[in-house]
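Next come the structures, one after another.
Here come two complexes built around subunit A, the first alongside subunit B, the second alongside subunit C.
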Partner chain A sequence: MAGVTSRRRRRQRVLRWVVLGTATVFFVLPMFAMLEFTTRGMNGTRTLQTWRTLFDVPLLRANYPELWVGLKASAGLAVLTVVLMLVLLVPTMTWVRLRLPQLSRLVEFLCLLPLILPAIVIVVGLAPVYAWVVYLLGDSSLTLTFAYTILVLPYAYRALDAGLSSIDVRTLSEAARSLGAGWGTIMVRIVLPNLRNAVLSAAFLSVALVLGEFTIASLLNQSNLQVGINLLSKRNASMSIAVSFAALAFAFILLFLLSLVGGRRGTRTAEEPA
Partner chain B sequence: MTDAHPAPTPAERPGHGVAVRLAGLRRTYGTVHALDGLDLDIAPGELVALLGPSGCGKTTALRLLAGLEETDGGRVYVDGKDVTDVPANRRDMGMVFQAYSLFPHMTTKENVEFGLRLRRVDGAARSERASEMLELVGLSAQANRYPHQMSGGQQQRVALARALAIRPQVLLLDEPLSALDAKVRVQLRDEIRRIQLEVGTTTLFVTHDQEEALGIADRVGVMRAGNLEQIAPPDVVYTHPATPFVADFVGLSNRLPGHVSDAAVEVLGHRLPLVDPSTGSGPVTALVRPESVGVHPSDTGSARVVSASFLGSMGRVSVALPDGTLVLAQVPSSAVMALTPSTAVELSLAAVPVVVEH
Partner chain C sequence: MTESLLSPGPPVTDGGTRALPRRLRHWSSLLGLVPFLVYVGIFLAVPTIVVVLGAFGGPDGRPTLGNVDALTTPTIINAFVRSITLSGVTAVLGAVAGALIAYTVVTARADGMLRRSVSSASGVLAQFGGVTLAFAFLATLGFNGFLTVFFQDHFGINITGSGWLYALPGLMLVYTYFQIPLMVIVFLPALDGLRPQWREAAEGLGGSTWQYWRHVGIPLLAPSFLGSTLLLFANAFSAYATAAALVSQGSPIVPLKIREAITSEVILGQANVGKALALGMIVVVAVVMFGYARLQRRTARWLG
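Right after this comes the complex of A and B.
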């Protein structure tokens, strides 16, 4: 009996390593290839010139304006999308939970809808809307915020919903109201601080998504980081790969931070007395 | 059952209690009438407990008074002013909830200071008031702890301190002890009464636990189907229940066949006075308290003991009459040992007023 168990354990261990090894090769090999490609010099030598240029802002602005414009647009879009998403979702989801629970299914359905609609379909639908957006707000790439807010809804909704489920919003808000708090105060001083982790998760996921978005920006003739990289790839492949790698690393760091936030939440729950 | 805290009448108490009046309150959920024209007057400084089974409307009444729900009819008056249309955050009421309601991201002290902060009380005065309140509930040492670091009883104490810190006109307690274990429950119950007497705030306490209601209230209101069946001091509710429902709900009652004649009812061969002497003659069902039933071992007795249980300070005996009717009796614990099952016994009934139903 003991022999069978130990044999099964050994088999499971081997299987674990095989899966981990395959996954590592699958992810690491392309990244290694990217690094290798961006450090190629003349006649088989190695150089860090591309990477130096990437982190030399004045040089980058002067030599690769399309990339600089895309980078700025994506940074602005990331911030604006997070803000708009939070302003839209947190009060709505709290209100639905408190006052209109019968609408929760509908809100969930609407928020998850962008997940099943291909980006190209969204663009086709958005094109006429954007004609008006451009007419009213101008031709800035930052107007993509509206489209991106829709795009991040499914991920942000899931993160915030998990956060709202972990606290008794009804009792906390009623307690705050009986102590004299208005709805604004309840949102800012009671709901948001208790949703800190959920808000961070939603924000990180949104930023990662915005930084990687290409289809909508390209088809609506706007600029962002991915559009910049695409343009750049036609004249400087090494630089475009370096930027892609940096964006990937940044998204990876964000997701790593996200797992840290999640991990801390788990620890804290475990410490709570029953 | 008597009030554990002999207290001055509400009018004689110190503090800043105000009168509360609920006039014809109605609240409907779909087809269910949660409140059906409820009238209730609470004197300044008084502690009224609303008692009743789930769904009787007691919590709805409290939430309407708090402003957390809107009425479908009727008015709410506090200190003579109509507050029916005043939102909850401007009603100046402190509330303790059944669920733990401390703000998880704030320390004990920050929780207690929250209401004062909203009222723009300056830092020193706020801190002083919070310390004073924490001392009142005996938790000064826990000022810097977070809610998840405290027990349920401590959390409810802090919730009470937080509710009282704003010097509310009315204190509302919505089953604050339900989530606690039995021992903490009794301790905190007595503490709530002590504190309420000390600060003199008019208080409405909602509970489904009769011991809690009878133990701390000046008056107990027994509710059924959205209305008050009876509101009276605890001893009156217990000894002179106004209706069979109250007699049944508050304490245990035996339902025994009887016959009313000449303003008394004859039950098991004993003539007992009536709570309502105007009851018409004829056959009735009398509701007799177990503590009014005496059980005496006797070889000639026609009743038989079915079971006897020892409950510490007293014992409870179930006796079968010759016709099969079961009678529950409460006897001194010393007598329980002699009352083994099948023992032949005779029953006696104490001459206390009973409620009857036709």
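Right after this comes the complex of A and C.
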């Protein structure tokens, strides 16, 4: 038996390195190609010109206004979406847990709905809604916040739901109430601090999603980072690929931080239920 | 649950006088849900209703089946066939490759570096789509891409051909890039549920590796594998940005047909054809996700 097991282990190890080696090449190659592409100089030389321009803010603003506008819009959208998402979800989900547990399935369903409604479908129906939004709030790319908050609902809901399940909201809020706290105080000083990791996860995911969003912005004729990159590619391929790589690296860092935050919650192993 | 509902307030002694206030309180606690419901109503329900009603409305606002009829024209049927082919092929490719990667990771040490880095990398790569991914492949296989230049210089081979990257085959390659990591994420938990004791039991009874997989492993994993494949299908079917950035000419797939319909609204009636296309997408995705949910429930029975 021991011989069989060790032979199997050896076979598995060979398979593992073949599979993971091939996968690594497939996944790393396009990123390597981006670096290679953006450092090409004249006659086969290498240059960092594109990257220098990218980190030279005044030059970037002057030479690539579409990119700068998109970058500013995406930064604003990321912040506003996180704020609106938290303001909308944290009180609602806490309230449902405390007072309306029978409606938790409805709220869950509504939050997960955007998973089965493709963004390209939502944008078709959003056009008339946005006619009103633009009429009421003015024509700004920041109005995309409303649509983006819907897009991040499923991810934010799952992160926050996991957080809320791990604390005893009822006891905490009743204790706070008995000491005379109002609902606002409970939200800001009791629930949010206890949900720190869940809120961080939800926020990171939302930021990554907003920075990568293209469909809704481009079809509602608004600007954001991805729309800017796409416009830029028409006149400077090297620059647009450099920005793509930078955006990608930023999102990777963000999501790696997220997996660190998530990792601290402890890994759930498949245990035999009693 | 019922206990916690009753816990505030003294025990109920007189149902007649207390029933009314409690019901009132129930209604007032619904008020706390109003902001959320209003928001979701405006930005999610209204768009959905606009799509569904618009699909059955003519340019004059009267009900018509004309837009839905337009779905049966050859160009649109072709777009659906291409979209379904693209999603099907990349779902199967992604599912097989992703399951293989997940399997090699599971057979390594459970809490080792390998496993942690593969699942983190998958989480990141599955999000990598859209314009940036399209450009990454342009830098690799485009007319001046890294591999194109490399093969041209060293072997004298033109691997770009007539621009396959910018058409359906290119979309298949690029979509597979985000499908594989998604598969790793959704399939790892199912593989984790496969207990080593089962394999030991099979071996103890004299079963071979093949027999173990044939009678235990594959039947247990099949629902999860099929369900994950359906999820991948829906993922590819809904994707728009990658294709929009990559495909420069024509609208081979449904999401790009919708863009065409939206951006050419000047042509009378085209806008509502866009809504009919969107409704068609909702139907396909809803059917696929329904199958996914059913299969997930079956998976949970053994591998939850």
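Just so it is clear, the second predicted complex is superposed on the first by the 265 of 274 C-alpha atoms of A that agree within 3 Å, B and C clash if a C-alpha of one lies under 4 Å from a C-alpha of the other, contacts with A are read in each partner's own complex, and residues count from 1 in each chain.
Simple rule for what comes next: a contact is a pair of C-beta atoms (placed from the backbone, for glycine too) under 8 Å apart; a residue touches a chain by one contact, two chains touch by 3 or more.
The model shown is predicted, which means the values in this text are computed figures rather than measured ones.
In the overlay built on the shared chain, the residue A:Ile167 is in contact with subunit B alone; subunit C does not reach it.
After overlaying the two complexes on the shared chain, residue contacts for A:Ala181 are found with subunit B alone; subunit C is out of touch.
By the document's definition of touching, of the two partners only subunit B reaches A:Pro193; subunit C does not. When the shared chain is aligned, no partner comes close enough to touch A:Thr39: not subunit B, not subunit C.
Taking subunit A as the reference, the larger set of touched residues comes from C, when subunit B and subunit C are compared.
In the superposed model, A:Ser140 makes contact with neither subunit B nor subunit C. When the two structures are aligned on the shared chain, A:Asn236 is found in touch with neither subunit B nor subunit C. Of the residues of subunit A, those at positions 174 touch subunit B in one of the two structures and subunit C in the other. For subunit A in complex with subunit C, the touching residues are 1, 4, 8, 12, 15-16, 19-20, 23, 26-27, 29-34, 36-38, 88-89, 91-92, 95-96, 99-101, 103, 107, 110, 113-129, 146-147, 149-150, 153, 170, 174, 208-209, 212-215, 218-219, 226, 229-230, 233, 237, 240-241, 244-245, 247-248, 251-252, 255-256, 258-259, 263, 267, 269-270.
The touching residues of subunit A, counted against subunit B in their complex, run 167-168, 171-172, 174-182, 185, 190, 193-194, 196, 268, 271-273. Interface residues of subunit B facing subunit A in the complex, by the touch rule stated above, are 66-68, 87-95, 97, 99-105, 114-115, 118-119, 148-149, 151, 159, 162-163, 166, 172. Chain contact summary for the complex, subunit C toward subunit A: residues 1, 4-5, 8, 29-30, 32-33, 35-37, 39-40, 42-44, 46-51, 54, 97, 100-101, 104-105, 107-108, 110-111, 114, 116, 118-121, 123-125, 127-133, 135-140, 144-147, 177, 180-181, 192-193, 195, 203, 209, 234, 237-241, 244-245, 255, 258-259, 262-263, 274-275, 278, 281-282, 285-286, 289, 303.
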